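Next, two complexes with subunit A in common: one pairs it with subunit B, the other with subunit C.
And now, the complex of A and B:
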């Protein structure tokens, strides 16, 4: 146990150093960085604008008003933004499998997932996170007086972002892990990642039962979006449901890690 | 105590088998890349793994470094299983692949070393001492602050080696480290590897297709063909077994009279010289074994067929030597 803790500590320290180096190397291209951050925020704004426009014309959907949905999509954007920054290598995991770059991961004295994640940190992708937080704050200012939202609720919102981040990270990890069986993951990502990301930006209540079931079980992304949002925005479920969200987040990460470890054993490298 | 022990090592790749996708209909094909490979390597040895393309050299290295799981058989490196004890073993070995970088593409070389130091938890004193030594021996100073992607192949290779040695590994695995390097770069690299092996005592396992690498570095050679070991011994022993197949090409002033060649040398193609006349009619290609029939003697015999205006020697190629085994 103590050895495991020490290993984890060492791993985190290494991760920190790699991350810092990665940041420094990016900082060398300040303009590039600023521009790409700017365009990303522009892009995400367009997405959100489209969504809001639809809500405006359709009125409340599934009992959720415009600002409720603003909060929900902000939550999804902010939490998925975390994997875009810290899981960018897992997100682009194809290259490790197609070109056998995973060889270089296996010769390092750390857990493979940590080594891969630490390979680079994509700060430029922080745009999604920032934008998500901005949306949540905007919605909050509008909703707080009516719903009587307080500090506890704000803390719950932060916890919701954290749960969402862990769950998305688990989904990205699991998708990458599937690559050990399929070699390519770019066919899987739209189904397992991008689709659900868009889907859970809307209240889950508008979907057929089967879809709701999927998002609450095998691909439990609802526990990082709809479920906590419904509790915080007083849609019926109690705030204590956030405890479930945290538990699901932890469980999904453990499951993803298990799948990953299983996959690593299957890795066959490349011929040259 | 052997530092590396392999026992009946076997690796089968299954090709054409996909969970999803096009190849479903094709029956999976099994490729036995390594079969029944057993060897022991003692600490401090410098061993060359040789064999034709596809022999299974890289596959074997990947099993010794924990990258691949053997299909069956057993391997230990420094007493550890590369698969079960991957993380612990990684601290004790260094690995360099000639075709692929292990460094951080976008970062300056110096930064890569800093990361490696953290990753391998190298104590500051050791780090400084090794860095100084490596910088000097490999001449890293000139490009220490350049991003790895801007380095030339030779510079990068020196960087890779330094990176693989920063944590003072007991065993160094090199898969075609000299591939693509020019003559001087190769010579410098060899010089470095030799002193590493001699002075620090690092065990080195190397694969190469370069005869000079073998001649200058490898005390011991393991020849692998189709996944099995066909030779294990020194270079001298290898030559004893197969000789030194060489070739000589001579251009005559007039089309040579091959019948006179047989007058002087006995039969036209004696067992130790095989002669073919090339298409232009004036050039002759002679293959012979340098151990039993030295080049001057071959030239002397050819001279009987006419006046030679030019000739060139073709060095025995490692491939040709190894080909004698299959």
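And now, the complex of A and C:
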């Protein structure tokens, strides 16, 4: 037990050192950083604006009004923003496999997943998180009086963001791990990552049963988005369902880590 | 002839990854399906503005296909890589103009996308029964669609070229690409048709270049195009070609290469 704790402590320390150096390198280009963050937020605002125009024209979508959808979209943006910051290197993992850069990762003293993730902390991508939180707060201010939302609900919303972040991190890790078999992952990402991320930004009730089943089982991203949002916004499921969300998030991460470790054992390097 | 050879070479290079791109096509179709479901739920069987529920689904399906001709092109058309690696000095030293060479190679990518991205998507949406083939039944409509798609593809290339060439004035152009995507998707009416937008916003967006890349070709296919949309697209295509040529000349004068 003591050994495991020491290994975890060492891993965290290594992560901290590598992550700090990554942050310092980003901070060297303040102007680009600021512009990137701003335009990142503008990009997500454009998506949200199109969605709001749609709800305004239609009245409601799947029984969800403007602010309900704003809250749901904000929740997905905030939680996926976390993986964009801390998992950006996993997101671009195929370069390690195509050029054999993963060889260097194998000889580092920390766990390979931790080492890869720490190599780039993409703070500019934090725009998604910031914007998500802003959208959630905006929606909250309109919905709270009618729904009687209180402190417990606010804590549940924070828990929902955390669960979503863990689930997205698990998905991005699992997608990267598949690269050990497929070498390239950029063509898998639209199906496993971007598509589901877009899909669960809207109420799950608009999709056919089979699609809902996929997002609640094989790729359980609904537990970091629709399920907690529906519970918090009093749309059916009780708040206690957030316990399930936390359990699914933990299970997803363990499963993704297992797939990663399996992939690392299969890694055969590359050469010219 | 040289430019045709460049386009062919670029197309052949992509063909090596044709099967991997098929997986990506599934992702693209998935996005189309998501947006179609979204519009189906929003319309709830009613017409919205001038669009029937079927029109809204068709709008998304044609739009997903158009994106591969106008928007989903190689990032910065590879210009950023030329700048970052110093290769740009050699590129400018060649006896043939930089801009036409880059655009010819990128046109090869567009041709590849037309065959290996658009056709599979067309097949998928046709199988789903959401692709509006009936709207281009007459030769006149087909000719209008061909002209609009060609103009839209040219616009897509020119806008990407400008985003890439912006790298001469910044140390990196990731932010420029983000700005481009935000503007292209919203102002181009990718999810929400311009025709359904509030009048003032719609009129303003009609005169921006982005509508020419998505909304314009899709509207021509659906037969809901307008004279201002055609005028705006034609003026922007000419204007962007002129601006791009000027900026390329400025960039050549600004060129600094370090190393040794």
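Following the convention adopted for this analysis, the second predicted complex is superposed on the first by the 271 of 272 C-alpha atoms of A that agree within 3 Å, B and C clash if a C-alpha of one lies under 4 Å from a C-alpha of the other, contacts with A are read in each partner's own complex, and residues count from 1 in each chain.
Everything below uses one rule, namely that contacts are C-beta pairs under 8 Å (C-beta built on N, C-alpha and C of every residue); 3 or more make two chains touch, one makes a residue touch a chain.
Since the model is a prediction, treat every value here as computed from it, not as a measurement.
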Which superposed partner A:111 touches (first subunit B, second subunit C, both, neither): first
Which of subunit B and subunit C A:50 touches, first, second, both or neither: second
Which superposed partner A:100 touches (first subunit B, second subunit C, both, neither): first
Touched partner set for A:189, first subunit B, second subunit C, both or neither: second
Subunit B versus subunit C as contact partner of A:152, first or second or both or neither: neither
First, second, both or neither for A:13, with subunit B first and subunit C second: first
Subunit B versus subunit C as contact partner of A:181, first or second or both or neither: first
Partner chain in contact with A:247 - subunit B first, subunit C second, else both or neither: neither
Subunit B and subunit C contact sites that coincide on subunit A, given as residue numbers: 187
Of subunit C, residues touching subunit A in the complex: 20-21, 23-24, 26-28, 30-31, 34, 37-44, 48-49, 170-172, 174-176, 178-179, 181-183, 185-186, 190-192, 196-197
Subunit C contact footprint on subunit A (complex, rising order): 29, 32, 35-36, 38-40, 42-43, 45-47, 49-51, 53-55, 57-58, 61-62, 124, 184, 186-191, 194-195, 198-199, 202-203, 205-208, 211
Residues of subunit A touching subunit B in the complex: 7, 10, 13-14, 17-18, 21-22, 24-25, 99-101, 103-104, 106-111, 119-120, 181-183, 187, 265, 267-269, 271-272
Residues of subunit B that touch subunit A when the two form their complex: 13, 18-21, 58, 62, 65-69, 86-88, 90-91, 93, 95, 97, 99-102, 104, 106-107, 111, 114-115, 118-121, 147
